[in-house]
Every structure is written in structure tokens, then in C-alpha cells.
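Working notes, beginning with the structure itself.
Should a chain be cited, it is by its letter among A, B, C, D, E, F, G and H, assigned in written order, with residues numbered from 1 in that chain.
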Amino acid sequence: NRAKSKCKVDENSPVIQAFYGYQSELDARHDKYERIVKLSRDITIESKRVIFLLQRCAGNEDQEEVLTQALTRIKDIQKTRFLPLALELDGEDHYQFMRAYSPGLQEYIEAVSFYHYLKYSQLVSLTAVQQDLQFSRQDAILHTSPGGASGADSTASQPGASPQGKPAGGSEKKDDKSPLNGSSGSGTQTSDQPSNKTSTEAKAVVDSSEEVAAKKRRNDTDSRSETVVVSVPPMEFMLGIADLTGELMRTAIMSVSAGNLDFPIQACKFMRVIHDAFMSYGNTARELSKKMWTLQQSLQKVENACYTLQVRGSEIPKHMLAEVFSASSSD
Amino acid sequence: NRAKSKCKVDENSPVIQAFYGYQSELDARHDKYERIVKLSRDITIESKRVIFLLQRCAGNEDQEEVLTQALTRIKDIQKTRFLPLALELDGEDHYQFMRAYSPGLQEYIEAVSFYHYLKYSQLVSLTAVQQDLQFSRQDAILHTSPGGASGADSTASQPGASPQGKPAGGSEKKDDKSPLNGSSGSGTQTSDQPSNKTSTEAKAVVDSSEEVAAKKRRNDTDSRSETVVVSVPPMEFMLGIADLTGELMRTAIMSVSAGNLDFPIQACKFMRVIHDAFMSYGNTARELSKKMWTLQQSLQKVENACYTLQVRGSEIPKHMLAEVFSASSSD
Amino acid sequence: METAAVFSDFQEHLDADHELKEEIRNAVRELEQTAREIQTSMQAMHQQAGNEHLLKICENVEPLFSKVREQFAVLAEKIPASQYYRFNDIWRFVIQRLAYLAALKVYLMHERLAERQETADMLGVKVRREDGFHMDLDDFLMGLLTMASELSRFAVNAVVAGDPGRPVRISKFLGELDSGFRLLNLKNDMLRKRFDSLKYSVQKVESVVYDLTIRRLVPASSGDNEPKG
Amino acid sequence: METAAVFSDFQEHLDADHELKEEIRNAVRELEQTAREIQTSMQAMHQQAGNEHLLKICENVEPLFSKVREQFAVLAEKIPASQYYRFNDIWRFVIQRLAYLAALKVYLMHERLAERQETADMLGVKVRREDGFHMDLDDFLMGLLTMASELSRFAVNAVVAGDPGRPVRISKFLGELDSGFRLLNLKNDMLRKRFDSLKYSVQKVESVVYDLTIRRLVPASSGDNEPKG
Amino acid sequence: METAAVFSDFQEHLDADHELKEEIRNAVRELEQTAREIQTSMQAMHQQAGNEHLLKICENVEPLFSKVREQFAVLAEKIPASQYYRFNDIWRFVIQRLAYLAALKVYLMHERLAERQETADMLGVKVRREDGFHMDLDDFLMGLLTMASELSRFAVNAVVAGDPGRPVRISKFLGELDSGFRLLNLKNDMLRKRFDSLKYSVQKVESVVYDLTIRRLVPASSGDNEPKG
Amino acid sequence: METAAVFSDFQEHLDADHELKEEIRNAVRELEQTAREIQTSMQAMHQQAGNEHLLKICENVEPLFSKVREQFAVLAEKIPASQYYRFNDIWRFVIQRLAYLAALKVYLMHERLAERQETADMLGVKVRREDGFHMDLDDFLMGLLTMASELSRFAVNAVVAGDPGRPVRISKFLGELDSGFRLLNLKNDMLRKRFDSLKYSVQKVESVVYDLTIRRLVPASSGDNEPKG
Amino acid sequence: METAAVFSDFQEHLDADHELKEEIRNAVRELEQTAREIQTSMQAMHQQAGNEHLLKICENVEPLFSKVREQFAVLAEKIPASQYYRFNDIWRFVIQRLAYLAALKVYLMHERLAERQETADMLGVKVRREDGFHMDLDDFLMGLLTMASELSRFAVNAVVAGDPGRPVRISKFLGELDSGFRLLNLKNDMLRKRFDSLKYSVQKVESVVYDLTIRRLVPASSGDNEPKG
Amino acid sequence: METAAVFSDFQEHLDADHELKEEIRNAVRELEQTAREIQTSMQAMHQQAGNEHLLKICENVEPLFSKVREQFAVLAEKIPASQYYRFNDIWRFVIQRLAYLAALKVYLMHERLAERQETADMLGVKVRREDGFHMDLDDFLMGLLTMASELSRFAVNAVVAGDPGRPVRISKFLGELDSGFRLLNLKNDMLRKRFDSLKYSVQKVESVVYDLTIRRLVPASSGDNEPKG
């Protein structure tokens, strides 16, 4: 009463049939996850490079040039990393992959907010950051095909894409579903932008109070047919800002040795605002509390730097100080 | 006002002078510690081998022969490891090096008590164990010089001895100090024993109630001139006993498959006595509590083994059982 | 001031978030209560043999599954679109447990593996994310593994209760389930760890079958008379 | 100096506190000693079968329970009304252990679940917080769970000692206990974790009953509702 | 079934307990919110020199302290007399923080050590256990230590803000505080650990005074013109 | 600037390192996939008795072992001669599992212990460190222990599948393996721990032999008719 | 029964041990109290410059050191011969602290390194183990390292108190101490870790000397006019 | 018995392994001793100004570096070609320390960054893994960072010792080093953490330069008169 030759798995068993289905589903998700992790890792590395670059502003040297360079690189990250990421995330619950892309996103926010502060002495807004990470589908075709490594226009060129072409299938489905919503309310803005997107991206980092509300609304409705986006949850944004203070601290400390008198004082004030805000959030979110300690340490280091400048400066009239430094640095 | 060429440490500074002294003291202690750790490690390894050997008793095979072999090895450990250890510890506060030799000592106690239980179905006593680890100085000369590796009669042959010959200096000092005490009360026993020590050692493991109190007293006075000893603190003894239960458990489980019907039941009773005793000690000593959990697990494993024997045996008359096993093992 | 606005916006976000989370937690707590009741009812399976007895048990928990469906409807309403995975951790445990109970019920009634869709229907949730509040595949699989462990216990108790044919059928079923899981390339640590324990369940039932075999207690018909769903 | 005066005042407070704590610790140590003696005595249950033997054991520990009551009286006196929970951690463990021993004694004598009130009476403490030095519900429940684990061990040893009917009755008892605990919505983490282990005790005893069943060793009289073959 | 009845009785107890705990947690959350507001307001001390500025800050937080008193009243009402220490852990942290803020306010206004009674009054709690919901001595002392660390930061920032006399006075104050704490035989581990950090605060301020001294920046009057409370 | 050049050279090294690690991880992932497939195929051994059946299974996995050899060749190529131990942790687990599967295959075919050399050959790795990418002795031994546990399960299922001679031969084999391991003075903690579980495997098989013996179910020829490799 | 005797002997041992430990702990507690008082008194060194001031401080603590000697005598009596290292951990901390305070006193009076013998004499303990209750070399060295850290703080405060020659002499002294410690081959983890912090003390004082040097504040005579002991 | 033979062969392998580890540890201990001696000798750099003095120090340690080379030769011989990374952790620390000392020596003699090759030569190890026992890049970089911190201390002491031109040159050197490290994308956490502290060294030296500059104490020639290697 025992079946004869069951050497291999019984392919006809409904259990086995079901599990074949589960297998492909799990594999597809895992592959996507891995691709996103890879993109996130690249974003981290490149954002860190932008931050290193921006730290050179501490020395007062070629500040404008550094900022211009940094902006170019930021735009590059958007085009070559975030756009493919947005395509991966298209139609997904972004929170499902948040753990995969959160490290890169936070580092990117750190870089962008650092740039913004150095350029405008102001905190970048969440809406501005979010706006930069919204792309029209045409961008995908225009900008990513030359990039090669990050190509997202066809299945084959997706980094690490599984041979079955699952992800592309996913985005196609979206295309099928949504064209009719393209002309609703905010749709005009969307279709206007794509062509000059590269130039407006720069602006987006800069001015943060305009037309973002509209865009946000658009994200909430299902008019996403023409655009893809990488969600920036407020928490991720804030965690990036918390890390920003570490870079400000480092820059302030380097400024001291460069004799830059203003930066530390200015940065100290700015960091106090961030510090006080985080303090007022309290224990509501554990992630924030965890960063609080580092933030506090950074602030105190900057305060100490300001103090050092103050007591040092006391030994020589202010106007002589700059002189001293221009002398010693040309040495 | 600055001394001219102080490239090297100022050898005349009283500070430096003092520290040279500290250095040699620290080094000597450390070297001794290392030597003791080494001896302890050897004791551990060899005791483990004795335990492995004794576990063969589970199979009923050549029980007497195994026990004889084990005894020979135990005596060997005493002579080649504990005697050098005793010489290292001579004149020292044994507790200072307890952490260095405790692992070896505990494993040795485990082996000896295992032997004792298999041979006499009884718990070995602390006094018997302690007695085995007491040596006359003459033993040091008689037994260890041929051994070579463990020589303790001269400084040079001490394993890892420092070239200055510190340890030997230490024991010589003792020799100078104490000969007069040699003839006090229990001294006669001591001077009687050395010649036939090797044969009485075997007995010591066996009978545990004699003349130990006297010997113990002798240890407390400073009549240690003629003997050297490795202290066995009660706590170390008990920790060794706790480990014994693990071996009993292993043997009991093996006995089950060998069809040995008596050993598990007998061992179970014995382990319950140990278990209950440890339970009654409670949390007074943290080391004991730590072992308690393992002990409890071992006991339950043996109880389960007894249970298995019981339900198994229910399917066949008792007298047939032995038959079954003699059949299957000769297979 | 711009900067201040950024921070006060965030405060609002935090507050709203906190409130939402509290609401979700309360809804989940209700579900847990119902799950506990179902589980307690279904424990009766270990006490007595016979299919009628099992069917009775399954019948008894029907109203509780209705309640579950209502409670999931309430919960689902609270979750903003595309934020399922934001709060996932809060209900993950209860949905796994309910998947287990649903799959167990299906097995007891039909002696077959519950389908994903039918399990989801029993809980009143979707299978596909796109369709609304759904049951994650991982959670469904976790439920199946928990069921396997319960069935291995059932095999033991069925023998006591006088149904020696049961373990043979369970053994076959767990064998298939094991083969199924072996096909999966498990990355998820929780799932993989749980899967490791499936092996023990399988072996336990195998040894029950062994015990019955050497004592010739397996009914000749045990492979055939199983009810079909 | 003013500051110094303020601080030496503080020191007095700290000292008084410290002394009280020491006294409590000493009193608790005595209780632990007695608890250990009871526990050691009751271990004899595993060695021999028969109700007379068990009743003898229970009788033997009676005087120790009297001692416990006296020791709790001494302890209770030291604790200011409002500070029970300040020092709670010091005696929490011993009260759990004594609850376990009391419940075990009740079971061995009557084969039923100890009531909370009767357990408290055996220890000489109150059930309600308002009435004085009491036994927290959580601690009582912990005691019951510890008892369950001891009973599963007892089931095994009873078979060896020649009482194969015992496991059947223990299995039934643990099953009921398990159902009871399943109803509780446990927030207390320690309790929840301990409860997880109850499942193992239940299954352990079930497998003993199974072993006896397949070998036809269960005596006919071992309860009434025993498995039908 | 009897057992079930017993356990559902237990469940009621557990539920009541759980609900009370939730209420307490909510009340404490409100207190934490107010404490955070006070703390954020008082951060302004680091930005600007001058006694008027500090007095202004202290004035600003007065209404928040009123709120604290009201919130403690609400909390106190929920705690049965004998259960302060049962739930102590829930509010321990916030009471320490408020003690710190109150002591800091007293220092900023009067440059002296806050008394325990006055601190308690500012929070609307008692000093003595017997009198009701109180502030434990340990918690008060923790507050003082937190204040010390904040003052060492203040010393640094005061120099930047153009008040080089401030560190000299803070150094003297912290020295006294340090001597005070040195007299205590601290058993409380948390307190002891925190006290270890006081040493760093003291040395930090000493090195500020040193920096000012070698640069001859200490105003001649710095030891005398301190405001008296 | 010179320093910059030096450092960008350094960066290249660091990048290459990182990339290498990624590549190794990918190669190991492939191996894990193949190992899983082999394991799934070999599970069929538990379902049916008879040497032909087993030989069929072994034949089926041959191509998968070829694949393993290719995959190890790919991996080995990536590892610079001297850096085996630098990345060892990445493949340690899969090599242990493959050692287990290879040794199991050898046993199923020839009923004897796999030699280290032949096992290495089956995986396409070396035995001696000096000769290239090798299998560490510890990993081989871990594989043997895993095999032992699988064989104890096999003994149980072989009886069910109608091959009562099998357990007797397995019992003898495990006994030898156990004696072998006893000779080792194991330092490796993982190995020692795994070894502890060997005795349970031994005992389990011996109890099967016992069961068969008392029922006179052991075929007389069971010790002899084993195939020789 | 023999076995029982072994265990009851051990119980006696445990009891005696516990009592002895309690006594030792009490004696050590007294020592800690005195050590705390000495330390508090000696803190005054940071507040004022001048050798007379320092000598006054040293004089003040003399009676406290007498007390220490008496307390060590009491403690020593409790320790059985050759069991110093059995209980060592209990007084290790206080003997290190007292070694520190004694060495600091010697330095303040004579500006030289305390000898081991003289330090031991100040505490009323022996240097050599053979001679009785002694101060371990490790503990003495720990004391010296703590002193070094206190002296680095002293260097800062001496400048504030108007004694700019002091740091120069301390710098020289710490340099020698550092050289001394560098000679040691430290195995003891605690000592090694503490030694790592000596580097910071040395550098701190070096930077004070640097500050004074660039401001030409070092008195010409600072290297010579140091008091000799 | 065959199995026994196989296993005693295994045991030999295991024993040899263990012994090898012991030997390596001993060889590394010798290296640590020599490293300590070099470090102690080089401390003299802080005590006196002047290039001759520094060259004298460097000369003094030459024989010790010879000893290092011999000791590394002994160590290298013990390590089979392919097992560097198997035991890497044992010598990682000492190789970092020696890299630091070698790089420091190069700087003191030539005021330039030590090359990786020349550092390796000084220690008697290889740069490239393929060539034999080598110094990992990470370890070399750790050495450079330790050197940076020592140089910042040197800058301070050079001023005290009357060499105000030194800090200017050190400042320039550290600036370059800092730029170099900035180019690296550090994955190694230990390295990254250590790098973070480099900026404090840079700043410290720059503040010394500042101090000297505003006092016009920097010799005009300070940028030029550096010895070239």
C-alpha cells in the first residue's frame, strides 16, 4: 500500500504546487530587496563623498566652487540612483522596503541638508527633499539609459534583475492602469516639468515653500501614473537632520583651526535650534532618542569650539586675528 | 636648567629604581601564574582522559580492568602534575593562584569522584581527596626526577621556570625555616609515609575516614616543612562533585543502550542525594547556583533513562532482557 | 521662521502617529483576545478521538472566526493606504496565530493543507497587497509551521484517544509540508528558525508511526480512509 | 558650612533606608532557608509510589510551613504599610517558591488545584493588598506554573516507582491548568515566558501517557474517562 | 468547569491592574510633555549673558511649573496609598528631570542650592513618604547631579556670551556640591554612577577658570558680586 | 600632491577588498542553493526501503555534486592562496552541510564511513591546506555528526518501511563513530556540543534494535548482507 | 551515611564562610567611611596655593590615618592565615583608594614618590605577604595612578590659585612616574587600563606648562625651590 | 579497528593546531616586549629640543628594530603560507604599534611620511600578501593615526623645550595626512573611529601655531630648515 518510486518530490501534490508559487513570490521579493539594498549602499557612499567635499567649505577656500561641485554630484545621485530606486518602488508599499533603503536615504538627506545649510544658512524642508525625489517616467527613459549601470528603462539592464523580468512587469502594469489620471488637477505641473527637470532639481533644494503642497496631494491620490517617487517619511528626514549636526560639528571644529570666526558661532546657534527641537520631541520615538545623545555631544563640542575661539581671541584684537591667519595659512 | 642627555630612562632616579623592583616582582608572579595555568591545563586534559576511560564501565565490559587502569592514571596525574604544582604553591597563599589551577583541580575531582563511585558506589570525601594531594618533599626528589617533563627537584627542570631561579629559592627558604617542626605530633606519620606513598595513595581515594583530621590539623600549623600540598577548598571540591553528575548522567544513558538495568537506577538514587544537597545550599554561593541548573537537567535525563528502561522492560519479562542484550551485543 | 516650521510640522506628525498607533494597538488587542478564545476551544481536539468530535469543535469556533473578520475590518480601516508595512509589527504576531488556527481548522475538517486564499477569507483579509489589508505570505507560512507542531502533538494524543490510524495520515501530511518548505529559499530569519523546528515535528510523528508499526497497531486501512475536503 | 549640614541630613535618611533594607534581607534569607528545607523534603515524592508515602511527606513539612508563617509575620512587621512595593523585589522570589510548594502540597494531598486563599493561609499572608502583607496574584500564578513543571517530572518518576496510573491523572490536571492559563491575557513578561514552558510540561506528560497506552500499561482504574482503545 | 471560573476571576484582577497602569502612564506622559517644555525653554540660558535674561527665562517657566503641580495632583489621586512603589518606575525618570529643572531654576535665580522642601513645593509633591505622593531623596539627588552637568556647560557658554565672571562662581558652587556628595555613602548604583560624572563637571569648570586666569580675563570682582537669594 | 597619490592608492586596495567579499558571498549563496537541492533529494531515503531505492537516490544527486564541484572551483578561484582564513566564516556553514551530504551519500551506497579524502573529492576541494582551497578537519567532523543524527532518524523510518535489518547495521556503525569521536580531545566548542548529541542518536538506534530484538524481528542475516563499497 | 556527612560538612563550611564574609564586609565598610573622610579633607588642596596650606591639610588628616591603621588591625585579625586572596576582592577597592590618599599626602608634603613601605606603614599593613595582612603591589600601583590623575587636576588649580611654578614640578614628577610604569610588563587588566589614562594626565600637565611657557609665566626658580622630603 | 585509526589521525591534527597557536602566542609576546622597549626609548623625544637629540634617539632604537626583524622572522616561519588570516588577531595589535613606532622614527629623522614599503622593511615583513608574512594596509594606517596623535603632543612639548619652529612644520604635515585620510572611504570601523580623533590632533597643533603666531614667536625660517631625508 505504498506508492512505488517516489525518489523525487511529488510534483503533482497540491502542497508542492502551492509551494512552488510561494517560492517564486519569496524569491522575487528577496531579489528586489537585494537590488534596493545595493542602490541604498551606493547612495550612502556617494552621499558621504558629497559630505567630504562640502567639509572643505570650513577652510573658506573656493566656497562657491565647492558648492557648485556638490550640487552637480547631488543631482547625479538623484538621476543615477534615486530614479532607479523609485522605479523599483513603483507600485509597492514603500515601507516594506524602508529598512533596505533607509540608510542610503538618511545619508542623502544629511548631504542635501548640509549643502542647503552651507548655501542658504537654513534648514532644508521635507517638501523640498521629497520634491527632488519625484521623477517623471520620461526621466527614466531620458536620463538613465546612458548611465548603463543604473539603467531602469528595460528589464535587462536593471542591476541584479532576475531573469524572469518580474520588476519590469510590475511597472508595466502600472502604466496600463493609470494614464487616464494623468490630466487631473496637478497633472499639468507634472507633464510640464520632465523636460527641464534637471535644472529645477537644483532649485528644489533651494526653495522649499512652493507648490510642494500640491505635489504632496498628488502623491496621495493615485495619479502617480506619470511620476515615480521615493517616499521620504518624516522620521527618516529627521534622522538625517540629526546626522547633519555631526557634520556641522566637524566643520565647525575645522573652522576653528582655519581661523574662521563666524562659522562656529553661526553653526552653534543653528544646532541649538535643532537640539532644542529634538529635546522637545522627547521619548515619543525611540529612534530620535537614540540620536539625541550624539546630537548633544556634537553641540557641546561646537560650544567648546566657540569658547576656544573666544578665549584665544581675547589675547589679540579681533581685527589682527584674520591677519594672523591669512599669514599662517599662506605659509 | 635642563639635564643634558637624558635620551634613555634616568637609571638613578629613585622612582625608576623602585619600579625596577616592582617589575621583577610582577614578572616573577606572572611567570609562576603561567606555569600553574599550564599544569592546570595538563591536569584537565589527563583527567578528562580518565573520565573517558571510566565511561567504558557503562558497557559492563572488563569493569575491573578499566578501574585498575584508571587508578594507575590518577596516580600518575598526582605524581607528575600535582606534585610540581604543590611545589609551585609551597609557601604561597594558595588562593592567590586558585583561578589558575581551579579548572584542573575541579576536573581532577570529577575524575577521582567518578572512579570512587564506580568502585565503591559512594561519594569520595574531601579529606581523602586532600590527602592524595599532600606530598613529602622526598617524593619530589624520588618521583619527579625520572619524569623529566615535570621535574621539580631542581630549579632548572621546572617547566617554564624563570632563569633567576625564583621558585626554587622560595622552597629553599622554607627548608631553612622549618626542619625543627618536623618531629611534632603528626610528624611521624609524615616521615613514615614517603617511602610507600605510591601505594597508599591508591588507598586514600578508597578509604576516606582515617587520620585525615590529623593531617588537616598539620596543614593549619606551620609544620609544613616536610610536606607540600595542593589545597582543595571545599567549594572547589563541591564544584567538582557537581560536574560528576554530568558524567554519571552520560554513563547512565549509555548503560540504557547496553541494557545495564541496575546502573541507571542506582545512579539516579545517588544523583538525587547530590541534587537535594545542592538544592538545600540554595543561593549562598553563586558558583553552586550556576551549576544547579545543569545538575537538574542531568538528573532529569537519568530519570528519563530509568523511565525508558521501565516502559521498555514492561514488554518483556525481566530475565529475558539480559538475554536479549547479550544476544544483540555479541552480534 | 522657516526652520521652526519644519520642526513644528514634525511634532504634529509625531502626535498624529502616536495616536494612530494607539488605536491600532487597541484593535489588535481585541483580535488577540478572540484568537486566544479560538485556541482554547480548539485544544479540545487532544482529548477525544473521532471525526464527529473534531467537526463539532470546528463548528464551535465558527462564530469566533466571524468575529475575527469583523475585527480585521475595523483594523483595516485604520491603516492608511500603502502603510501596511509601517505598522506591520503590531499585528504580525496575531495574524500568524490566526493563520495557524485557520489552517488547523481546515486540516481537522478536510485533512488537507489550507489554501492561502481560503485562509485569508476565513480571517477577512486579502491575499494580494494591492487588494487591501492582506496577510503576508511570511505570516501565512509561519502559521503553517505552528500548525505542524500542533499536529505532531495531536498524533500522540490520538493514539491515547484510540485512533491509531491518525498518526500515519499526519506523518504523510507533515512529510509533504516538509518537502514544500524545503523548496523555499528562506531568507527571513524568523521563518527559517521556525522551519528548523518542523524537522522535530516530522520526526516525532515518524517515531509514533514506528511505535505503532512494530506493535502491529496500524490499521490496514489507515492510508485510505481519510476524509477528503 | 551650610551645604555640609544639608548633606549630612541626607546621609541620615540614606542610612536609615539602608539599615531597613538589610533587616528585610535578613528576614527574607531566613524564609529562603525554610523554603529550601521544604523543597528538599518534598523531593522525596519522586522516590517512591503510593499515596501514604505522599501524605507522609506532606505531614513532614507541616512544621516547616508553621515556621514560614512565623517568618512572614516577622517580615511583615518590618514593612511600612506603603512600602510593600518598594522592597518587593527582595521577597518576590521566595514568595513565588513558597506558593509553588504550598500548591504542590495541596495537589499531593488532594489532587486538586490549590485556591489562592488557602495558599495564602498556608504562608500566613493576605490575598488582598488592603489587608496587609500579601501575596501578589502574579506570584501565585508563577507558583502554579512551577508546580506544573514539577508534576511533569513526577509523572515520569511515578512510572518508575510503579504507579502507572499517576501520569494519566496528572495529564488531566495539567490540561485543565493549561486551559485556565490560556484564558489569561498575560502582560507580565516573566509570567508569559514561564507559561510558555507549561506547554512542554503538558506534552511531556501526554507522551508518558502515550507510552503507557501503546504498551497497554494504563490501569483500568486510573481515572474513569481514560482513553478508549 | 471550576478551574475556568477561578481563572476568569484572575483575569479580572489582571485587567484592573492593567487599566490602572495605563492611566498612570498617560498621566506621566503629560508630565513628561510639560517637563520637556520647561527644559526646552530653559535652554535659552546658554544663548545670552546677564542676570535679567536669566530671570526672564525663569519667569517664563513659572506657568509651566504650575501645570506640573496640577498634573502631579492628578497623578497622585490615581495611586492607592500603598502602591507608590509599585509603579514608581513609571514616574521616576520624570520626577528626576523635574527636580533637576526646579533646582536649576533656583540656582539661576539665587545662585544657591535648592532645598529639598522648596523643590518639592515647586513640583507640588511631598518630601516625606508619610505625607502622600512624594519625591524620593534619591530622585532629588539625581536632579542635583544633572543640574551640575548643565552648569558646567553653562560656564563654557557664559564665557562666549561675554560673562567671564560666571565660571568662577559656578566653580565655587560645584566644589561645594562635590564636597557634599563626597560625604554620602551612596548605595544606589544609578546615583553612584551619576556622581562619578560630577567629577568631570567640576574639572571642566576648573579648566575654564584656569583658561580665564592665564589670560587675565577673570574680573576682579567675580568672587563678590554674586547675587544673593 | 604626493600624499594624495599615496592615499588614493590605498583607497584602491580598500575598494578591491570590499568587492572581493561581495563576490565571495555571491558564490557561497549559489553553493547553498545546490546544497539545499541535494538535501531535499536525499530526504526521499526516509520514505522507502531497499538498496536499489537508495542507490537511485544517490544517482539522482550525482549531477548536483558535479555542480558543487564547479561552484567550489569558481569560489576557490576568487580566494588568493593566503586568504582562505580571512573569509572562512562566509563558507564554513555550507561546507559543513556539504560534508554531511557527501558522507551520507557514501554511507547509503557503501555502508561505511566516508574518508576525508573522498569527501573532499566529492566537493572538489582539497584535504591539505597547502594544496589549495580545502575543507577544514573541524568542518568534516561536523558533517559526520550531522550525518549520525540523520541516520538515527533513518533507522526508525527503515523499520516502518519494512527493512528491520537496517537499524542493526546503523547501530553498529554509529557505535564505531562514537568510539572514534571519544578518542578526540575536542577544543572546538561547537564540535564538542554537537558531539554531545551523538550519544542520543546512538541510544535511539539502540532502542530500535532492542524493540526489534525482543520481538524477534531482526533478520538473522542483518549483520552480513550489507553491501561493501 | 557517609555521603550525607560530606554534604552536611559542606553546609557548615558555607555557613561559617557566609558569616566571616559579613564580618569582613562590615570592617571594610568602616574603612571606606574613613577613606571618604580623608578624601574630602584633602580636596581642599585645590582651593588655595602655598605650602603651608598643604601642610595644614596633611596635618588635618593624620588622625584619620591613625583610625585607618586601627581599622586595618581589626580587619587583619579576621582573615585566616593564607586566605588573604580568598577575600581580597572585598577590600581591594578601599586599599587602592587609601594607597592613593597616602601617596598623595607624601607627595604634598615632600614632592616625591611615596615608597611602598612607607605607604604600607601609613595604613598599618605589611609590604610582604609573609609578614601578615599586606598591601598587594597591584593595589599600591593603582593608588599611584589615581594620584597622578589628581595631580594633573592640581596643576590646573594651582595656576588659578597663583602658584605657576607648581605645574612645572608636577610635570617633571609625572614624567618620571610614566617612565617607571613603562618599565612594567603589565598583565593585570585593571592596572593596564588605568595606566592608559596616565598618558592623559601627563599630557594635560604638559599643556599647562606649555600655556605658562608661551606666556612667560613660569617662574625662573620653578625647577629648584621644591621642598625636599 | 579502522575507525579508531582514522580518528587518532584526526587527533594528531587537532593537537598540532593547538600547539602551533601556543607557539605563535609566545612569539608575539616577545614582539610586544620589544615594542614596549622601543616606545619607552622614544618617549625621550618630548624632553628636549634639537635635531641631534632626535637623531640620537632614533639611533638608540635601531638595534631594537633589528630585534623586531628577527622576531618577525621567527614568527613568520611558524605561519604556514596560507594561514596568516587564521591567526591574524594574535599579532594585529603589536604590528599596529610597531607600524606606529617605525613611522614615527621616519618622521623624526626625515620629517616626512613613512612609505608603506619602508615601514614594512623596518619590521622585516612584506607589503604584499603574496610575498609572505605581511603588514595589512589597515594596520599600517592605524599606525599612522597613532603617530599623528603622538606628534600633536610633541608640538606642545617642543615649544616648552624651546623649539618654536617645530609646531609649524608638524601642523603642515598633519594637514597633509588629514587630507590623505579624507580621500579614503573607510569601511573598517576601528580605523574610522581612530580617524575621527585625527582632527583633534590637527586642531591642537594648529592652536599651538596660532599661539606662537600672535606672539610673533614663529621663527621666519620655520618652513625651510627642516632636514631632508
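Worth a mention:
Everything that follows uses one rule, which is that contacts are C-beta pairs under 8 Å (C-beta built on N, C-alpha and C of every residue); 3 or more make two chains touch, one makes a residue touch a chain.
Just so it is clear, the structure is predicted and the values come from calculations on it, not from any experiment.
Across the two candidate interfaces, A-E and A-C, the one carrying more C-beta contacts is A-C. At the interface between chain F and chain H, over half of the residue numbers involved are used by both copies, so each side presents largely the same positions. If you average the CA atoms of chain B and of chain H, the two centres end up 46 Å from each other.
One simple way to say how far apart two chains are is to compare their mean CA positions; for chain B and chain E this gives 57 Å.
For this pair, chain E with chain F, the centres built from the Cα atoms lie 63 Å apart. Across the assembly, chain C contributes residues 179, 182-183, 185 that each touch 2 or more other chains. Touching two or more other chains at once are residues 9, 280-281, 315 of chain B. Within the complex, the chain C residues that touch chain A are 2-7, 9-11, 13-15, 18, 82-86, 88, 112-113, 115-116, 129-130, 137, 141, 176-177, 179-187, 220, 223-224. Contacts from chain A toward chain E in the complex involve residues 265, 269, 272, 275-276, 279-283, 300, 303-304, 306-307, 310-311, 314-315.
In the complex of the two chains, the chain C residues touching chain F come out as 175, 178-179, 182-183, 185, 203, 206-207, 209-210, 213-214.
Chain A makes touch with chain C in their complex at residues 1, 9-10, 13-16, 18-20, 22-23, 25-27, 30, 91, 93-96, 98, 122-123, 125-126, 208-209, 233-234, 237-238, 270, 273-274, 277, 280-281, 284-285. Across the interface of their complex, chain G is touched by residues 33, 36, 39-40, 43, 46-47, 153, 156-157, 159-160, 208, 211-212, 215, 217 of chain H.
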